[in-house]
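I've put the structures underneath this note.
Shared between the two complexes below is subunit A, which has subunit B as its partner in the first and subunit C in the second.
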Partner chain A sequence: MLVSLKAFAPELTLVGFLSLLFLLDGFVPKLRENRFPLIWVIVSCFAAGVATAVGKGLSGDFFSGLVTETGLVAFFRYFFFFACGVTAYVTLGSKEIEERGRSEFSLLILCMTFGMSLMVLANHFLMLYIGIETVSIISFVLAGFNRESSRSNEASFKYLVYGAVSSGLMIYGISLVYGYTGALSYPAIAEALIKNNGTHPFVFYLALVMIYAGFAYKISSFPFHFWTPDVYEGSPTPVATFFSVGPKAAGFGALLHFVLTALSQKQEGGVFTPIAGIQLAPVMALISAATMVVGNLSAIAQTNVKRMLAFSSIAHVGYVLMGFVVMTPAAFSSIIFYLIAYCAMNLGAFWIVGIVTDEKKGSELSDFKGMGWRTPVMGVCMAIFLFSLTGIPLFSGFIGKFLIFGNLIQSQSYLWLALLGVLNSVVSLYYYTKILRAMWLEKPESSDSAELRLPLSQLVGLLGLALPTVILGLFFSPVLEMAQRWITQ
Partner chain B sequence: MILAEKLTSMAYWSHFVSIALFALGLLGFLTRRNALIVLMSLELMLNAVNLLLVQIAMRTGTSEGIVLVVFVITVAAAEVAVGLGIILNLYRMKKTVDLGSFRNLSG
Partner chain C sequence: MAQLPILSLMTFIPLLGMFVILALPKGKPNMVRWASVIFTGIPLLLGIWLYFNFDRTTAAVQFVERVSWIKAFNIEYYMGIDGLSVPMVLLTVLLSFLCVFASWGIEKGVKGYYAMFLFLEAGMMGVFCALDFFLFFIFWEVMLLPMYFLIGIWGGKDKVYAAIKFFLYTLAGSVLMLLAMLAMYYYSEPHTFDLLALAQNHTQFLNKTVTLFGAQYALDKILWIGLFIGFAIKVPIWPFHTWLPWAHVEAPTAVSVILAGVLLKMGTYGLLRMNYPIFPEATLWASTAMMILGVINIIYGAFCAMAQKDLKKLVAYSSVSHMGYVIMGMASFTTAGVNGAVMQMFNHGTSTAMLFLLVGVAYDRVHHRWIIKPDGSKGFGGIASVVPVYTGMMAIALFASLGLPGLSGFISEALVFLGTFSNPKYQSYVVVGSLGILLGAAYLLWMFMRVFLGPLNEEHKDMTDMNWREKLTLLPLCVLVIVLGVYPMPVLNLMGPTLAKLLSALGVA
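Moving on, here comes the complex of A and B:
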């Protein structure tokens, strides 16, 4: 039991800080008025990160098999704590989250980070369900954070309805798998599946599709992506920033662990092969293709930048899902690399949208007119983020895509998918440059062409996200090696 | 199992009840325009899951399913609490809970 608690230390740290904030918030009302709660979030994310670093090396099943520790879990923890900390930092300078709501906001994002950790730790359907629902229910509240805005409320309601249906489908699928295998923990399910020697009833496949519905909703992949643009557009920009990175990565982490432990067998040399009777690759290839195409084609027609970035984030999910088609360690480490690159560039792009939204009270393309000339640093950073999102060489996004496509080509199958991915990247160049054209090639309206000075904290933060995007595009091998270590541990 | 035995066994029928409840919930979600009824349909879906889980736990003699039921009930309650809050807020603004009137976002 004590060992289990040790393995759970980062989450316990997070919960400790969360409860302290809750108490402080109740007893010292003065603290609500200033930046304290958000700084508290950054401190607690840092502390949880330190706890992860200290407790590294523990691996195996804990809490009687409910959770499991692997190198991947440690990576995802760092990832979530980083994303949560950056979101708090972004919110410090944002006007969209009103001052008196800051302490609630801080509590909610901390709690959501806890839920995301649970999702990737889960080694049992019960834990997975609890993790997913913790993240979902808090997301509904966060999406509707601006209570006065009817758009925010609508976004929240849409999120809730789609979320409840997909999690309902998922839990029904889980109960069908439970009926078929008699177990809820991943290793036990794999054991039962192997025993059946490749002949599974139709209900089992139906159940897998239903379970995927839950994951698809979290990562906003093809059949369940409808909520994404509406929710991102309606919710406050700092919230959308967090949604576009945190829960998505958590969904990928949970899906990765589920596919690897419940549906696959580890072979010699670390290659995973699906258990007899389960064909993952063709299905994943189709889902990935559909997600990319839908995301990119819908993004072309958008005039609202937040909505455009929402569709682009759907397209990026399609690219990441390509890694699930080839189930080799190299493919998984390229997924990890892509997530790291995506985290920096997407957080940055959404942050700039948030800054413009604060200035112009809107995030239409016309609001971006001349913004590059008004604040050159912001314009250059946005160019870096968008070029990287497109996958232009010299930026981290290019290396990420190169690795993922390369693995697909190396596997000698699904070449059409790699080709489709390249074509999609070309399409995405068109709509990303629309933003850049508005920022740099169009003159600002004469009424507000004065230079817009950003506070130092925002400049430092933006550069702090833009630099890794460039550096990872040039010196990617250390991070890639680290990703490989995380995978094999 | 011979047909007569199937027709008299509880386990056999509770599968159908569960599927029917789930389908009703899904249908209600897809067709109803009233936000409250949509929430009720979602509840129906989760209750269908509970029925199935309990039945399977009885059949296989494992306790995991029963534990999951408790959590499903808890989550359903939390979801409805948040959902009702949001609906109340929307009602204050629009004076209606008809889904057709929530059209500010083009989706």
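Moving on, here comes the complex of A and C:
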């Protein structure tokens, strides 16, 4: 038990800080007036990160097999704590979250981070479901954070309805799997599946599809992506920033974990092969293709930048899903690399959208007019983030695509998917440059062409995200090697 | 050999210049301009040094710099030049330097303009020096970024459309190249991006198949096509040329010069650097198709040029036509033809740069470029009497362009036709292709007549002749055009051994 608690230390740290904030918030009302809660979030994320680093080396199943520790889990913890910390930092400078709402906001994102950790830790369907629901319920609240805004309320409600449907499907799927294999823990499911020697009843495949619905909702993959644009557009920008990175990565982490432990066998040399009778590749290829095509084509027509980036985030899910088609250790480390690159560039892009929204009270394309000339640093950073999202060399997004397409080509199958993928990135260039066009190629309206000075904290933060985007585009091997270690541990 | 990493210096000094310029104080445009002169001047000087120190007796790559960059993928920082790249490198540094002067009149966002311009030069240099495909690809793509902004911010009326069209077309080509690059890496043993090693072991791509959309294709042909489309868009080969008139016309003068003078050559350079040595069998298989495309380019470009009322558009289409000669020469598979093609790449770079610069000179003065205005009235007309120096320069440029003996264009076009004719397979193509010369003479002379000769259009009677800056910008090109027309050996000697090796690998004696 004690060992289990030790393995759970990062989450415990998070919960500890969370409860303290809760108490402080109740007893010292003065604290809610200033920046304290957000700084508290950054501190707790940092502490949780330290706890992860200290607990490194523990591996195996804990809490009677409910959770498991692997290198992969450690990576996703770092990822979530980072994303959460950055979100808090972004919110510090944002006007969209009112001052008096900051402590609720802080509590909620901390709690959500805790839920995301649970999702990835889970080695058992019950734990997974608890994690997913923790994240979902808090997401509903966060999406509706601006109580006065009807858009925000609508976003929250839409999120709730889609969430209810997909988690309903998922839990039904889980019950079917339980009926078939008699197990809820991943390794036990794998064992039961291996025994059946490649013949599974139809209902099992149906159950898999239903379970995928739960994941698809979280990562916003086709056909459960419809909520994404409405929610991103409706929720306050800092919230959308967090949604576009945090829960998405949690969904991928949980899916990765599930596929690797419940549906695959580890062979010698670290290669995972699907258990006999389970063919994920063709289905994943189709889902991946549909996700990126739908995301990219829908993004073209958008005039609201938040909505556009929401569709773009769907398209990126399509690229990442390509890694699930190949299923080699190299592909998994490509997924991890892609998520790291995506984290920095997407957080950055959303952050800038937030800054513009604060300045112009809107996030339409026309609000971006001439912004590059008004704040050149921000304009250059946005160019870096968007070109990186497109996948143009020099930036980390290119390396992400280079690795993922490379895996497909190396596998010598699904070349059509690679072809579709690269053509999609050409399409994505078109809408990303719409933002750049507004920022640089068009003049600001004469009424507000004055230089817009960003506070130092924002400049530092933006450069802090832009620099890794460039550096990872030129020297990616250390991170890639780290990703390989995380996968094999 | 030289200890100095001269190619890296030539590539990264402009990049350094970009950062220096961005750091310069605001509101001092002249300081920015002179800084650009310095940061393009140093590479030019290095280029001149390179010209005199380049060993003309060997086909091996020279001035090699080779450092492992990303071990996991065997990617190297591998720079080096051979006879194929040297003319292009020289063209790049020369035109970049001259274009700094040609951009002197830009007033809006001077800092940003020159920063982007220097960034562009770094990208171009890198493309011609890189011998590692990954490195090549990075430079190739990186060039698009400054180009997008240069056209989109400092361009003409339809700049936004022109910029995105250029960007989308080129990116579409390069993503296919990316896939081909990845396939070349994963299908080669050992996995490598080293272009010379890939060319050395080119047989390993033979007799393999890939499955695409349920059908089997020969690996080398698929890869050849992927690369070809990527390069063809840049050349541009018909039917991928539609971005060109827009980009050339909307871009500011200096950027048009770089586009036509250097960027188009990257396409044909890429074909000769990759398609030819790495997939020789597929190249032979596709050579007739290339020949046909080359002829279409020549004729189609010429006819389009003939129909233009806008001077700059005429020059733009003439580029399409002239790049057709390059394709034709390359597809001829003869020594004379390929030599002529590379020579034409260089010569077209100088002559078309002159034409674009001259069009820019006129535009700066009268703010239009109409040969005939859209409403049918006279655009220019008879301005030879007010701007004699300008007229003389234009005459040299266009005679060089249409291939008048004694000027540079003649040599390369003659070589191309000579080579193509000596291949019995293609004699009939020469007959059709040589019509292009006739058409070229027609549209250029007709343009000359309508713009410079005849009665003076009174609107332009106050037009001033070229100033010292413009004259000095054009002078080096003018000298090159005349000298290479009389004595082409300086360029032919540079590339001789390299092309001989390339051709012998292709099975051409």
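The rule is simple: the second predicted complex is superposed on the first by the 489 of 489 C-alpha atoms of A that agree within 3 Å, B and C clash if a C-alpha of one lies under 4 Å from a C-alpha of the other, contacts with A are read in each partner's own complex, and residues count from 1 in each chain.
Operating definition for what follows: a residue touches a chain if its C-beta (ideal position, glycine included) is under 8 Å from a C-beta of that chain, and two chains touch if they have at least 3 such contacts.
For clarity, every value in this text was computed on a predicted model and none was experimentally measured.
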Report for A:183: first if it touches subunit B alone, second if subunit C alone, otherwise both or neither. first
First (subunit B), second (subunit C), both or neither: which does A:430 touch? second
In the overlaid three-chain picture, which partner chain does A:141 touch, first (subunit B) or second (subunit C), both, or neither? first
For A:129, decide between first (touching subunit B), second (touching subunit C), both and neither. first
Output the subunit A positions appearing in both contact lists, the one against subunit B and the one against subunit C. none
Considering the complex alone, what residue numbers of subunit A touch subunit B? 125-126, 129-130, 133, 137, 140-141, 144, 147, 150-151, 153-158, 160-161, 164-165, 167-168, 171-172, 174-176, 178-179, 182-185, 226-227, 229-230, 233-234
Under the touch definition given earlier, write down the residues of subunit C that touch subunit A in their complex. 70-73, 109, 137-138, 141-142, 144-145, 148-149, 152-153, 159-160, 163-164, 167-168, 171-172, 175-176, 178-179, 182-183, 185-186, 210-213
Contacting residues of subunit B [partner subunit A, same complex]: 22, 25-26, 29, 35, 38, 42, 45-46, 48-49, 52-53, 56, 59-60, 62, 64-65, 67-68, 71-72, 75, 78-79, 82-83, 86-87, 89-90, 93-94, 102, 104-107
Given the complex with subunit C, which residues does subunit A contribute to the contact? 373, 383, 387, 390, 392-394, 398, 402, 405-406, 409-410, 412-413, 415-416, 418-419, 422-423, 425-426, 429-430, 433, 437, 440-442, 475-477, 480-481
